[in-house]
Amino acid sequence: MKRTETYLLNMGPQHPSTHGVLQVKLTLDGERILKAEPVLGYLHRGIEKLMESRTYFQCLPYTDRLDYISSMNNNFGFAMAVEELAGIEVPRRAEFIRVIMAELNRINSHLIGIGTLANDLGASTGMLYCFRDREYILDIFNEVCGARQTFHYIRIGGVAGDFTDKARELTEAFLERVPKFLSEYDQLLTGNEIFTRRIIGISAMTAKEALDLNMTGPNLRATGVARDLRKLDGYSVYGELDFDIPVGEHGDNWDRYQVKMKEMAESAKIIRQCLDKMPEGLIMAKVPKMLKPPKGEVYSRTEGTRGELGFYIVSDGTTKPYRVHIRRPSFVNMQGLDLMCRGMLIGDSVSAYSSIDPIMGEVDC
Amino acid sequence: MKQRYLTAEELARIKGNFYTVSIDEEEKPPIYVSPEEFIPLMQLLKTNPRLLFTHLSCLTAVDWKDTIDVVYYLFSEYLGAYVVVKVKTIRNHPEIPSVTSVFPGAEFEEREVYDLMGVKFTGHPDMRRILMPEDFKGHPLRKDFKYEKPAPPKATRVSGEEEEADA
Amino acid sequence: MEISFLSGLALWLRGEIYALTGLPILSDLALDIIGIALLLGIISMAAIVFTYGERKVCAFMQVRIGPNRVGGRFGLLQPVADMLKLMSKEDIVPEGADKVLWALSPALLFVPAALVYAFFPFDAGAVLADVNVGVFLLFAISGQAVLPFLMGGYASNNKYSMVGGFRVVSQMISYEAPLLFSLLGILMITGSMRLEDIVEAQSGGLWFIFLQPLAFVIFLISAVAETNRTPFDLVEGESEIIAGPFTEYSGMRWALFFLAEYANLLTAAILATTFFLGGYLGPDFLPGFVWFGIKAVLMVFVIMWFRWTFPRTRVDQILTFGWKAMLPLSILNVFLTGVVMCALGLV
Amino acid sequence: MELRDRVPESLRQNVLILKVDELFRWAHANSIWPLSSGLACCAIEMMSTATARFDLSRFGYEVFRPCPRQADLLIVAGTLTYKMADPIVRLYEEMPEPKYVIAMGSCAIAGGPFADSYSVVEGIDEVLPVDVYIPGCPPRPEALIDGMLKLREKIMHPERVAAERAKWAERKKAKEAKA
Amino acid sequence: MFGKGLLTGMGVTIKHFFGKKETFCYPEEKLPMAEGFRGGDLTMDWRVCIGCQMCAMACPNKALDLTVVTDAKKKRHMKYYIHKTGRCLFCNLCVEVCPVHTLQWDKNYANSTWNKEDMVHDAMTDKDRADLDIFLSDVEKKAKAEAEAKAKAEAEAKAKAEAEAAEGKPETPKAETKAAPPKPEAKAEAAKKPAAQNAAPDAEKKAAAAEKKKGGEA
């Protein structure tokens, strides 16, 4: 009688395809995975504890370091939470600039997601093209707020710098590039039989399983549930913009890849509308230097690039928050990793990590 | 949350069949519930056809120096509204039933609350620390957490012919 | 035996040595030594040139400029710097490793890669060992390149290397058969297994790539799988099992693996040129071996082009593709060649 | 260098006098293969250094080896936490000998924004011997290329490093004398 | 046909193989920096700086530790402006909060070093400190001179007052009072004139000091 023995393979904190310091303990039978247990905490920097000893203005740069690929969306979430707590009204022009920056950052983040997926499956050229196109977005950010990655641009009450004409011109140039580079990825990756065979039908997930595991963002939409907080809550000026939500059917890696590709096209559409609708006017509301929000708590959620990004802030009337909890989408999506890797081969677990696309700064907070 | 909060009579209807639930008169009052009746309340909120709070948006704990509150934000697409459920626990050995029986997706967040705040969840499938190293003493997010950092491990250079690079 | 530039040179040299020493054995010996030295030179040159070529081709395809700082404007000394650095690295033997197999596997891998070069006809008469069962012997030798990978994987006492070793065995064995079967068509047409006869059979522009297109496609795919390059580079699947059997090797040992891999790459290119692109045949404004060189480098470029375009296939996909698609197709090709030859009355 | 002077004037152009370790130093300096081990935000800047626009491969450094056995440079790009300290020490000790360490970003230099957090090691020089420090949070890819060139200079000319270290030592003595 | 997608993929790569490259050769050509770029070290001009330490308070991570020295006229000046790059977030809060806008980034991002000591950067060089000492000493001298002048003026005024009292007690006292007030006003204007140079921040400083008290006790 054939007796096989399972063994434990440790995809350690340093592994080319675990996107940073994620450790996954795989229990393997030959090359088939029986159990995948993620070990987190290698990048736990205790941001929630640090925020308790800093004023609201000083907490904002810390949100840049959470999901360090989409820093704008983190600033956006935290700023909206504090504005709701302190009752600050943001001028319309600042709202539109915020939406433009958040959507540009969504494209930036999805480009990295698709680039690392291609690189982990072996096509490193795909990654190089994604990073080349990402540089044009970083030029816009560099022009507007002076930094390439940790922007600290969306402030409580508005935005730090105005949307200059040079930034508008760069954005227009970028919007023309978007359909070109999306079609290039279709030619290079989507049409490629080896690429499609590697991700079609791999780590599929039904809508019920995804909802039970509390997954949100592209991973949930890939299973067919059209839940997008930009449409559901309609926060900021998303209510006035019309865009549709791309949805997959089987919830496998192919649908996650397709949802991200279509979302980039949608984000470009949103930026197009914002550029046309942006009014002139102030970019910063009147915010007291020593901001003391009233005693109480608030939970404000926005659609981050990887799912529902929520900020739960309890204030006790002083300038420093009493407690800040950050509902991190990548952290909750990690629960789906075990389900996605079960029964797959080692090669597929690699595509599972890069289609969940966890950012360890956000997972370990 | 940009969504609306439950109206007073909806809250009253929920309070109807639970006697340990207390709702005070704030503008958006959280539902305080005792650990014993916590799981039935969550069951009701999730499965009742007129409520359908199917999405557990946020699960966290706040340390109020005398008690530790575990906070649950639930959201229902059917009603288009959210509700806040809070459970008070005793400070020195907090213990409340785990909600993974109702919301399986809360497993990691409960482990994080146990790891950083020290609230034990009975009935949780895998009650271990998730972020801090296994042998870490204490729970960092508590207000009375005192900790001085140990000396980190030092790498030894095998050949060492080049003298130690100056610190 | 036609006389070409290289074989003429060899004959002249033999005459000179014979005139000097008067002993036929000595001149043969001298000639063989010179031949071996030349071949080893070609193999090490192949490693140096192709590491540089690979990085430049990869850079150009990824819209960036490759190494252009080390040694002059084009970075030509980059591979020299790499080799020298690899030579002077510390040699770590993992504790618990099987010392004998550990030391033997890089050397063993290099032996078949170098031995195969003795049979290639670089020019009309210029072949080190003119064997009339050339093709058969060629594949017998290159067949045992599988063992060193497995030895390396087993000896380095590391789970990733073990998994890499398993993958190597399954992949290389399953692509050995289609590789051979795809050449049967050509052997049937030429009727002889001597490499020079195969090249002569393609004279007059009738290259086998036009006569046997299906065989060329199968051969190319199997050759790429045999040399473990993308899209079949499961052995060294960076993102999955780090560096496969070479995970624990460092410094010069790893450089030997690296050298053998590039030698195998050139072998695959030379095989493709000899069998399908008419070896050293070409319009005679260039000598034979220059044509041979151009076609070989062209084939190397195509294989590199595969590497920087395609993702990696999964282990089970490779095996099913090998057994279920490649083998039947190559047998079909043999059958078709037979039918056509009967129809044309050649048999 | 009396050896070099003995070469006659006419041949000086095409005669290269080189000590062996100088040759190996040149080889090490020009082909440093970094280990692809990014910890946090600086890792994304490290990756974009190897891409099309900033192109680390012009210096021959773009071969990011996944396993420490074949790498000779450990770029610590991100925050080092106590839980990650042991693995990073193990990574460092697994690398074959002529190995170098670059501390990239504020977090690696002195703990950066998270210096007073309970789980962050303040600066990796408490854990590893560091060769080059690159300030910035995160440093621009050009700053990383500048740091790599500084490392290249450190390998090629150890005497400059010794001079710098001497200057720094007596500057420190002067400060202590004044304090 | 099975290979169609593969061939289009190869078409894309070969197109880029011969296409234009995207690389900036860093050490030779440098990317133009946006004017709002936040990088390098902090630079400030000690003459403009009023020593209010707002930047040190605004920093999230206490990366600035400043030593302030007060001159004879009880006005503050910066002596040591230590900017710990190892703790800095480059979040620009200090540059934006500075009331006199003297804090700037020097945009020199390529400043990697071999030893860790250069990471603790002092925005005021030794030469600045030397100029500061000269400035303090002459402020000292001016203050001393004024003090003597004031003392002499008081002495004369006292002497004249006694002389008038001695000469004719019946004279009306109004003249004295008229004479006394103009003298102090003159003195006040005189005092104000040398400080005209940073008169505007005085008001500001009072507001900052008040605020600091309020911030302190909050």
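Think of it as A, B, C, D and E in the order they're written, each chain with its own count starting at 1.
As a convention for this text, contacts are C-beta pairs under 8 Å (C-beta built on N, C-alpha and C of every residue); 3 or more make two chains touch, one makes a residue touch a chain.
Computed from a predicted model, the values in this text were never measured in an experiment.
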Point to revise | chain B reached from chain A - shortest hop count over touching chains | key: 1
Check your understanding: C-E versus C-D: which has more C-beta pairs touching?
Key -> C-D
Review point. Taking mean CA positions as centres, which chain lies farthest from chain B?
Key: C
Review point. Per the centroid of Cα atoms for each chain, what is the distance between chain D and chain E, given in Å?
Key: 36
Review point. What whole-Å value do you get for the distance between chain A and chain D if each is reduced to the mean of its CA atoms?
Key: 32
Point to revise | Averaged-CA centre spacing for the pair chain E and chain B, given as whole angstrom | key: 47
**Study point:** Between chain B and chain D, centroid-to-centroid distance (C-alpha), Å
**Key:** 43
Review point. In chain B, which residues are in touch with two or more of the other chains?
Key: 132-133, 140, 145, 159, 166-167
**Study point:** Touching two or more other chains - residues of chain A
**Key:** 15-16, 41, 44, 46, 49, 61-62, 125, 128, 132, 135, 150, 188-189, 192, 194
Check your understanding: In chain C, what residues contact two or more other chains?
Key -> 61-65, 90, 238-239, 242, 308-310
Point to revise | For the chain B and chain A complex, residues of the former touching the latter | key: 1-3, 54-58, 60, 62-63, 71, 73, 77, 82, 84, 103-109, 112, 116, 129-133, 140-141, 145
Practice item. Would you mind writing out the residues of chain C in touch with chain D in their complex? Key: 55, 59, 62-70, 75, 77-78, 80-85, 88-92, 238-239, 242-243, 246-251, 254
Practice item. Provide the residue numbers of chain A that touch chain B in the complex, in ascending order. Key: 40-41, 44, 46, 48-49, 211-215, 227, 232-235, 299-301, 308, 310, 312, 314, 322-323, 325, 327, 331-332, 334-335, 364-365
Check your understanding: So in the complex, which bits of chain E are touching chain D?
Key -> 21-27, 30-31, 39, 60-61, 84-90, 109-119
Practice item. Would you mind writing out the residues of chain E in touch with chain C in their complex? Key: 6, 9-10, 12-14, 16-19, 21-23, 25
